[in-house]
Every structure is written in structure tokens, then in C-alpha cells.
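First chain A sits with chain B, and in the next complex the same chain sits with chain C.
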Partner chain A sequence: MTTLDHGPAPTDAAREPVHLLRAGSLTDALAQLATEGAVPLGGGVGHALARQARRPVTARTLVAVADIPELAGIAWTDDRIVIGAGVRLDAIASDTRLREEWPVVAEAAGSVATARIRRMVTLGGNIAARDDSHDPPVALAAAGAVLTVRGAGHRRTLPVTEVGSLSAGELVQDVRLPRSTPGARIGSAYEKFLVRGVWEYACVNVGAVVALDESGTVERLSVAVGSVTGGPVVVDLGALPGRVPDADLVAEAARLAAAATRPYSDVRGSAAYKSLMIAEFTRRAVSKAALRAAGGADR
Partner chain B sequence: MSTTHAPVPGLPRERDVLPPVIGSAVQRIDAVEKVTGRASYAADTRIPRMLHAAVVRSPHAHARVLAVDTSRAARVPGVHAVITGADTAQVKWGAFRPDLYPLAVERVRYVGDEVAAVAAIDLETARYAAELIRVEYEVLPAVLDLDAALADGAPLVHDDAPGNLAHEFAFDRGGAREWLERSDVVVEGVWQSTRQWHGSIETIGCTAEWSQDRVTMWVNTQTPFLARQRYATALGLPLRAVRVVQTEIGGGFGGKSGDDNTSVICAILARKTGRPVQLVNTREEEFLASRPRIPMRYHVRLGFTSDGLVTAKEIDLVADNGAYTGKAQAVLGAATVRHDALFTYRAVKARSRLVYTNLVPTGAFRGFGNPSADWAVGQAWDLAATRLGIEVPDLFLLNAVESGSVSPHNHRISSCELKQCIRRAAAAIGWYDKRAAPTPHRGLAMGVSVHVSGRRSFGDYDGSSAIVRLTEDGRAAVIIGEGEIGTGARTTLAQIAAAELGLAVADISVSRPDTDLTTHALGALASRVTYVAGNAVKQAAERACEQLLAAAARQTGRPAAELWVEDGHVHAPAMPGEDTPLRQPVGTVVRAELYRPGGEPIVGLGSFDNPSEFPDQLRYGNESGAYNFVAEAAEVEVDPATGAVTVLELAAAVDCGTVLNPPLAEGQVEGAIAQGLGMALTERFDWDGGAPTRPNFVDYKMPTAGVMPKLHVEFADSYEPTGPFGAKGVGEIALDPVPSIVASAVADAVGVRVHELPITAEKIFWGIRTGSTTPPEQAGPGGLSESAEPAPPDRPAPPRDRAPGEER
Partner chain C sequence: MAVPLRFRLNHEDVEVHVQDPASTLLDLLRNDLGLTGTKSGCAIGYCGACTVIVDGRAVPSCLQLVGLLEGREVRTIEDLSGPDGLDPVQTAFVTCAGMQCGFCTPGHVMALRALLDQEPEPDEERLRQTVDGNYCRCTGYVKILDSAREAVSLQKSLTGEAR
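Right, the complex of A and B next:
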């Protein structure tokens, strides 16, 4: 192991065994999570990474929630799609109806890491990790998704971008996406730049949604950007809706996305480069979304 | 040297009658063990009462160690020993320049330097106790790059190395300056490579156990005998007190050459506790404290006549040694002279300096300096081709060495199919067709390289010896100390023995190195095992076979000349008056030779020393008996909106003499190309305070199958007269040209030539956008430069080199 003699020694508590509880129902899980030091365990990837990074372990109890029935499956109603927080990213990426209706979400889920990891990671765990570079939250932010959050004795909803307000003992139960009316001209797309082309966190990741009215004018335009400070950031696109989705509009959306976000320099690129890439990948995402909205070939 | 296989005029050469097992796709003899998980790697070693260990490392690049408080750690239940530098022999060790203590004495010199260690009942306890050790440091000024280390008045990494120079040498062979002055075309530039880690799936590890006054170390080292010698020094012990046994090795690539402290610390803990101890690097430790590739900065000048004949080359090379020397001194030698065995230079001049820095020590990595040399010198050749208006393959063909060539350093080239390789690589990539119909944002490039088959470097011996014992059940045991690091070397040696003995490969076993039990061997380095050890095994098998036939002759009353071995049987034609030919199982002959009054075993001893010279201090001398060659061509595509590079196709034509086992040889070439692409494009860290900010695979990206280009791997029709069945080395050669061809192809695609590895998308992007490959805020005054080429990062600034098509 690597001990670089940084900071104080960990407390002896860190050496205590961590309990693993397997919740049978949402009620069970919430009761278990209400105890001191209990945290939810989804696919387990985040915990493995934390252990690898030797972050201080404060959890006394892990509550396995991925397989409880109330967090399972993708349900479709007339006005919304409800994706259980326990659904694995792999299942989201390969869901035919989701790929048709919200390609931005399916594409984002399918772009995460590797197939083996996508088969483990749960949607709820991926969101609750609050990592600004994670892909599904970027797509869900662009799509305007809402989380159903459950705590002991309460239920609330919050936009996916406000996941930071989750408190101890709370659990994401599901993610809700709006449904579009039949025949609506809506398109969405996810664009992610792997600067080195191999399994890695994105240099930049962008989700875009474009809805057109009967005349082909942009009715709704939404762009969310990840891998930036405070991300995912939903970009304020001001007066762009109401215009036709031409090259000027795309360029203006790209400019606004770059101006509204603060990337940080790291091994994947300097902040200056990332800002230009945010513009470039916003351009690509908005163009593809607009093409899809207009019934273009790439759907 | 062996002359057994020198071609004899008028007689058919051996190459025309190679045994069928030579050149066939024999399955690896360790395949089943490995795919079923039964192979026992370093961390799989289990000895009763074994303890586990953890190491405390310096968080500072340079500091004085004022105090180490181990009291809390020592009190943890389950801890058996806590050691610091005071518990060691306090002897400096190292392959060439002893400068490394097993645990820090007074000073630490890089982030990761070993300060203390713990052995405990289990790994968790050892790690926990290690975290309780308090070290008081006085932080000292550190030198964190080459320029800082070379600056006047720079802090010294080692007090006995003024100017932070660990090693330097210079030569001028043939009057290079005069040739350059008389040249029609001179190109020059500065190119810098960067640290590259081996990234083996298995990290470095050791298990040590003492018995009386001897220690046995089960280590995943690729050079057990050389490592043993150094471990004995480091432990303050006579050589006889140390026994090294090689475990299975999950990737070597030079990184397991035994230049780091892991095994030494393990042995000290085992002595202190009186129990077996195991110490295996974590991934983070492997990045912080193994011995990655040496960053090298070359200033290259290259001269030509107007019709494209090379005249002379001058290089000024500075290499980042890191805090301790290890093999870096030898790497510097190879990186200075080897590439001069590629072209017919009239004169070469070099000045090479190995510079201490307060960074992770560097050392051996597949290619041994040549990838950095070939990247820098290859860039100059590529620029020259553009300046001369000659296609790169044609320029190479004009100047390439041939069989019989002698380099300015007395490299005596025996077999050489470099020109064949150049033609085949050009054909495989479709060079002239693609040139005739260029595609926007696509670029084409070619590079060449030469490597050794063994290198006389560790004293005046680059030999190997082997024992082949025929067993009374009709098999053969090859006893040799060379080992296996995953290349398939033991399989190849088994093929050679099988071919000589007339036995099936399945009936050959090849030993693992054990310094007590096997023959002495230098191990897996310098692409030497197939050539050097192959010759030793071949001779041992020949001699065993001669004894077998002599025994069979005595037993059957036939003349030995009538006998031969095939399919595990001794054969002879039917005697006059008899119907059936003789067909006697080998085991029967061996047993009969043993089970008689005064009976003897059948054991052949083979020995081979590389027909090479021990180079002098200035690196003059024919370092190897056989040189292998490669030509590689690549086509890349650059996305101008991002700078991202896709390597579309890569063709490699390799001259490694006879290909003994095609899938194994192809595997070596493909793996080397993958590592070359990582070096060229993706492998890097963010650094802060002299260490990677995240020393793990999250940041450090090695190529995966998903980014590999379409590969065309071909082998030249070639035969090395001094090689076993005509074979030469193949383990490293294909890596060497990759960074250069990627860089040249990018320059061809978008006109941006990157001068510092890796060639990241961002550098290319800024190059396209601004002409400088650094972000605007990091560039000089004004940021956005108008020049088409970045200024080389060196001082004094040489004339800037040119983008393709640009005239001087």
C-alpha cells in the first residue's frame, strides 16, 4: 500500500468491520438507512473506487438496495417514464423504447465505462455519487428529469441537478422523464469526448434536447454540460427558442454553453481547451438533436 | 561463437531443410496453466506462517529525514516488525552506479522513496500500522525537471554528483561537423519523450524466507541471476547467502529487472521477523516507485547531399535519470548509438548526459532507449524527406544498411533484410496509392528501427548455457535459468529442443530459473533469449542426441551414422535380410544406457556466448552478434475540430530471421505496437510537486483493443547464420518506431509536428489553431503565435524545423 504520510492517522473506527444488509423492500431499506452510519449500496462500483482511493471509510453499514422491487424496472405511462433507481445502466442503454423516445438518456447510459461496469452500475447510484463527470446525470438534466426521493416517513421530488440536497437516510427511488405527445417533433442527443479514445472519464460531455413546432421553429432547446465545476450545468439559452434551428442557432448555443461553464484543467485537458471542446460538442449534440427532431435519418 | 550454422558454399543451407516443428504454431507449453488460473504468480506464493508487509514512502520530492517514530505502529497487535534505514546494512546498491539505499538514510529524493516498512499478520494490519508511522521531514529544494537539474547552482540530488550528472560521454566518429558543413541539406530539431510505465497486470512482488544464514526469494523478476547479485549487495550479504527463484510473471517489459527496493525490503523484514514475508506493490506503488521509461530530450542535426544520401548526424541528448540510476546508464548508451546501425552515416557525433532529478527513478523498458531515439531521429529523417522532395520509403532505401554493413560504432551487421522490410511495409499500407490520392486530414508515415539479439552489457559475457537431460520415459528436461516473462520463451526453447531431439514439444519440459538449481543466465533482456539461449539449448540437445544415438548404436550393433530420431523413436533402415526397420522408443534406449554395469545418464550440456564485443566507455564495440530490423508504416486521421487522432492502419514488416513460432512472434509485434501507441498518444499523468496526481489507471491510459488500428504484421524472408535455426530476437523491435511514425503521420495529416510526447489531441488542436502546441495562456508573450511551427522547447533555440512542404 502507499502511505505518503499525509495528514493524521485514521481513527481506529476505520478498522471496524462494515456490515452489509440486504434490504427486501423499500420500507426495510429506509429503516436500515435511518441508523447511524448507514449508506446505500447500489452496484458497488462507487464503494470499490472509494476503497481503492483509501478515502476515510465512515460507513458502518452498507444497505444493498439495487435489487429491491420498488427500485426495479422501467414503467411507461401516458405522461411519463419511470426508471427505477436500481436499474442497471446496461438495461437503460439497451431499452428499445427509451432509445426511441429519449436517445440522449440511452446514449449517455451506454457511453459509461465498459460493458462490464455498465452491467453493475445502477442509475440511482450513478446519480447519487454526485460526480460532475458522470454521464447519465448530464443527459437527464438536459431532458428535465426529476428524482423521486424517499426518506423515513417522507417522499419528495427534486430536479436531477439538485441531487446535492440528498440527506443521510434518503434514497433515490426512481427517475422520471416526461413523455412527449405522439407525433411531437422532439429529438435529443448525447455527445461525449474521450480525449484519449479509451475507457475513461469524459473530457467534456454534453446532452441536448430540441423540440420543434409545426413550422419547424425551435420550441424548446435544452443543453446540459458535464465535467465542469458544479456540473452537470443546464445552460441558460436565453432567447434561442423561437428561432429556426440553423447553423447560427447551433453556433450561438455552443457559444453560450462554453461561456456558461467552468471546466477545470486535468489530465484530460486544460480548461482553455475544454471550453472550446464544450462549444464543439454542444454543436454536435444540438445539431444531431435538431436533425432527429426534424425526422432526420439519424434517429 | 558457434559456427555450426554458417552457410557452407556449395552445400544446401540449413534454412532449406528446417525441421517441421520450426516455424509452426505450437501451442504455448504454459497455456493451460495460465488460462485455468493455476499459474502461480508472485502474490500466489503461500508459505506457512507467512507475514504480509507494507511500506511507508516519502511524500516529498526532496527532504531530510529528521526522525521516524515507529512506536505506535510497533504496538499494533499483529505487527511483527517495523524497520527503518537504521535496520538495514546502509549499503548503496545499483546495477551500474550504486546510489540507492534499501530504506532511506538521512534523505529522501523522490515522492515514493522508501522510508520504513512493516510486517504483520495480515495485509490490513500491516497497512494500518504503516499509517501510524510518523516521519518528521525537513523539506529541501528539489529539482523537478531536466532544466532545473542542469541549472547553475541547482540543488544536488546526490552530493557526489556535481551538476546532477549521473553519467556522461561524448564522441565524434568521422568528423560530423565537417560533414554537416559540406551537406546540401541540414535538418534539425528538438524532440522529447516522457516517462512511460510498463503497466504490467501483475505488480512487482516478492516472498522471502530465511533458513539459518541464507534467504530464498521467490520473485517475479525477469533476471533472477543479475537481481540476486544486486540483492546480496543491498542486503550486505555474500552472494552465496541469496537464492532467487522466479515465479510466474504477469508482464515484464523491463520493469521487473530488479532495480527497485521491493524485494530487498521484503528480505530484511523476513530476517527481522524470523518468518516468511510477502511484499507486493500496490498499483499506486508501481507508478510511484517502479522504474519507468527514461524521458529523453534530443537535439538532432542531420545532413544530406542534394540527391538524398545521408552524410552525418549530430545529437545532444539529456536523459532524466530520476533520483537513482538503476539501468538508466546502460539505456543511455543504447539510446546514443544503436540507431546508427540503420543507415550508412559517414560520421556521427554525440554528447549524452544522464541527469539526476528528484523524480521517480527511470530504467529499463522494452526498447531500452531506442523508442526515444527513433522518435527524435526519425522525426529528423521525416523532415529531411520533405525537404529533399523524396518519399520517405525511397529515402530510407537509398541509405539503409545491408548484410555486411558496419556502423560507425563497429556494429557488424550479419543478416539484414531492412530494405525488404521497407518495401513490404510500404506495400502493405498501400503507400504509393495513398500518396497518389490523398484524403483530407489523413496522414501517412514510415519509420524504421534496429535492435539487438542480446547485448554485451553486464560484463564481458552475453552467453547462456543449458542442460538437456533425456529421461528414461522418453522425454527431455531442458534445465536453463533464462525463465519466462510471458513472451513464450520457454515454448520456443522447447521447440528448438524438440527439433534437435526428434521429440514432440509435449515431451519437453523447460525449467524455471532457480539460482541454486539451474544454469546461470542473464535472463529476459535485450531481446536475447531466443537467440542466445536458443543456441545454448540447441547445442545441448544436439549433444544429448549424439549420446542417444551412440547408446543406440552400442545397443543395436548398428553404426551410429545409420540412426536417426523421429517421433520419439530411434530409427534405422532394415538390416540386409531383415524385413522391418529398427524402431526403438527413446525411453527404452535411455533406460538401457542407464541400467547396465557402469551405466550413465544421457545429459547434453550446451553453451553459447554471443559473438559480440564488450563496448568501451564511449560505446564503441559490436554489442550483439545479430541485429533485427523493422519497417513500420501508419495511416492516421486527425479530427481538426478536436485534434483527436485515430490510427487507421499500421503495417509492420519485421526481420527477426527465421520465425520459430508465428503466433508468438506476431504477439510480440502486436503487443509492442500497442505499447508504442500508448507512448505516442495516450500515456501520461498530471504532475504536482514531483509526483503524478493520481497514480493509477484512472489517469494513466494504456491502449485497449478498442483503439488498436488495423494491423498488418509481416515477417521478412530472412535467415541469421549465427541464430538457432536462423532466428534472431523479436521482443522489442516493433515498439521502437511507433511514436515517430504517429508524429510524422499527424504532421502529414494536419501540418502540426508535436515535439514532446505524448502527442495529445490538445497539442494537435492548439497546433492547428495557433501554431503552438501549448494552450495560449501557457505560450509565450502574445499567446497566439503566427508561426506554423512551435518553437522547439530547448535552449539555445536551434533553427525551427519545418512543417511538411515548407521551404527553408
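Right, the complex of A and C next:
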């Protein structure tokens, strides 16, 4: 479900005062988040939209975390890429190395809303909003990303698909993506279907990752689907790895993706229509990812 | 209880006392500071009419919470000027008639200003990307893109003269 679907409350509905705290460090932020009714605030876009839609805001205290140093920047090590939760989506979309190594993630970040909004939205805020039609979580789920979560006195990790288990007082610090070994034949792609073409939430959105072994056989195949109940949903592709990435395999992956997901009917389409679109856009995403893995022109 | 907020607005230090730090920059500019050059359109970030420059980056002011502005640098359409009174971007919109009703124009002008501050010689693709996120329901964008190209060459000639 998306934020724009809500009808407004009466214009005279009273608004409770909200406190806004600016955290200078992670330690600060965690201490501030430990107070009753405090929630993290990233770029503030989700909060502004909720207010404009006159939805009730339950948080008493907003803790601004986007600019604290521990949540900044994209760090590369030999075995992983660590993207700070405060990094803005436009920085992810335009990161040259990320576009090369995980195009699915850069493409998803670059497909969100408009360029002006991507300058404001933080990756952590986009994920923690737990909106099944948001784009980056779909791509990150396909890529097998893991969140680093901090709370007062503890640190834990959880798969991006389990962001629903975040509890009060916790904060996403960063998102970790695995590195592929040099020379590995791995490709990924993101496909988003927009009914109107531009500037809206997805009707369906699909991320795909394909890894091939030296003989060209599929070693790993991963598909995640958004804008469905409980999304993003990572599709169980059963015995597809081990086969060659031909049209039959792509068709089978598309069939499995449509069968394994439960889209909901809304202004962007009926559930039945969306299931057909999930199959089609899975076909496109897997085809493009396989082409990139094989070193095709459109890498 | 009003909270104090200090930031730079059009090259001046300002301190305002806001009742609600989660209200938007758009409301602050138009309702409290009387800077009505910034237009209020959709109020959900999509139409771009309310675009201002925050720390050098064009963003919709309807999504910018005022509480997040502490210490930042904000520029609005009221700040723009040039040797002939108008900023080169504004002159370009006049020259090319890049507007009909004019409601979206402040947004386009601020977005192009931010782009030219960072990239004095953007290519066609960058100009098109910059128009992204700013609805115009009159012109069909042809004249707006003409204005954008004109702004690039005007700015280039002005910079050349300054040297």
C-alpha cells in the first residue's frame, strides 16, 4: 500500500505538537530514540507526505539521523559494500561502481519518484518505511542485502525482507551487499512497471540476479517482487539453477514469480492484471540480468 | 512552544521561531516570511512548482521539514539577479517565452540555477533530467527546454565577459 492512497482527514483535525531532535552521533541518536514515542527521521519525505495527507502522526519525537557520520557514505571492502542508511537515493543511483557491480540496486534507487525527491530520500528511511511498493527494498532483497540494526546497547543484523521486525528504539545503520569475486559472471537488473509511465508508485516492480558458472549454466538465480502482499517477496525458484539461461528457464521463472506472489487490487490495477504484469516484468528482469551475466552489450 | 531555528536565507542569517518543526519550508516561506515567489502546487513533491535550493541542491520545499534546516543555506527565486536585473536563467525564459501561465516557472528556474551552479556546461540529457519533477500543464516542455539551452549559452557568454 502506498502513502498517496489515503483520503484526507478533516482539515480542522488537530495536530499534536511534535519535537524534533538532531542527533550529532550514533550514540546520541540511540539515546534519543530510547525515549517514549521517539522515531528516527531520515530525509523527512515520508513524514511530510503523511502530514499533507492529514494522516494521524503517532510519533511525539522525531530524531533526525540522516546526517550523523556513522550513517554516511558508501564503503567498499574485499567482501562487501556497506551503504550508510543516511545516503540519499540520488547518490546511490549515480554511484559508478555500484552501477557496475549491482546495477539492480542503482537502477531501483534511480527509479524512485523524481530526481528532486531522490535528493532528499535516505536509503534507511526508504527501507524502514516498510512500504511494499518502494523500489530499493525489492532490489536489495533480490541481491541478498543485510541490514545492520542498532539499538540502545545492542547491534544485530537482519535480511532486508525482515525489516518488519524492527522495534521501537532501533535504527538501521547501514545496508550490506555482498561483493562478487573478480571475473565472476554475475548480472542483475531492475524492472518497474508504471501504469502512467512516470512519477508514480510502481504497479509491479521486480529485481533479478543471475550468476553463471564457467560453462554458462545458471549457478544462482534470485527474483524479488514488490507491490504485493508482504512484499518484497523473494521467490522460491526451486530447481531452476543448474539449467542454461534460455527462454524456457526465463518463462519458468516468470510463471513461478506470478504464482508465488499475491498482489492486491488498487488504482494501479486489479490483482489478476498485476499477476500477469509480474510474470512479464520478471521475464524482462531475468532476461536482462542473464544477458549482463553473460557479458552482453547492455551490462 | 515555539522553537528557534537559524539558517541562511538568500545570503542572510535568519532566526525564526517555529511552532512546529515538522511543518514545511514551503509554508514557512509563503505564510510566515511572505516570500510568495515560491509556488504551492501539489504539496506532495511531484509538481516541482515549490522548488528551492537547499545547500546547492534543488528540492521541493513542500517536502522539506523546517526542523531539518538548522545551519543550512536556502535560496529562493527572490534571491536571483544578474547584471541586467535578471538572472541569466530568468532572462532565457523571457527570451524564449518559456512560460504561459507561469506557475511552474519559479521551480524550473531554481532547478536550472542549481544545475548551472554545479555544471556550467550540461549536455542535453542533463537538461532533460533537470526538468524531470516539474509539471508544466501549458507548454509541453518544448519552450522550457529551449529556455534551458538558452540559459546555458547566456551563462557561458556572461562568464566569458567576466574573465
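Going forward, the second predicted complex is superposed on the first by the 283 of 299 C-alpha atoms of A that agree within 3 Å, B and C clash if a C-alpha of one lies under 4 Å from a C-alpha of the other, contacts with A are read in each partner's own complex, and residues count from 1 in each chain.
The rule is short, and it goes like this: a residue touches a chain if its C-beta (ideal position, glycine included) is under 8 Å from a C-beta of that chain, and two chains touch if they have at least 3 such contacts.
Quick caveat: nothing in here was measured; it's all calculated off a predicted structure.
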Partner chain(s) touched by A:Ala115 [first = chain B, second = chain C, both, neither]: second
Touching partner for A:Arg51 - first (chain B), second (chain C), both, neither: second
Chain B versus chain C as contact partner of A:Trp199, first or second or both or neither: both
First, second, both or neither for A:Leu20, with chain B first and chain C second: second
Which superposed partner A:Thr217 touches (first chain B, second chain C, both, neither): neither
Which superposed partner A:Ala64 touches (first chain B, second chain C, both, neither): second
First (chain B), second (chain C), both or neither touched by A:Met277: first
Overlap of chain C and chain B interfaces on chain A (superposed complexes): 4, 15, 52, 198-199
Residue ranges of chain B in contact with chain A within the complex: 54-59, 72, 111-112, 115, 123-124, 126-128, 130-135, 282, 284-285, 288, 641-642, 644, 646, 681-682, 684-686, 693-696, 698-699, 701-704, 706-707, 760-762, 765-766, 775-778
Chain C residues within the chain A interface of the complex: 1, 3, 19-24, 43-46, 48, 51, 57-60, 62-65, 67-68, 70, 111, 129-130, 132-134
Contact set on chain A toward chain B in their complex: 1-6, 9-10, 15, 52, 193, 195-201, 266-267, 269-270, 272-273, 276-277, 280
Contact set on chain A toward chain C in their complex: 4, 15, 17-20, 22, 41, 43-45, 47-49, 51-53, 57, 62, 64, 66, 113-117, 119-120, 198-199
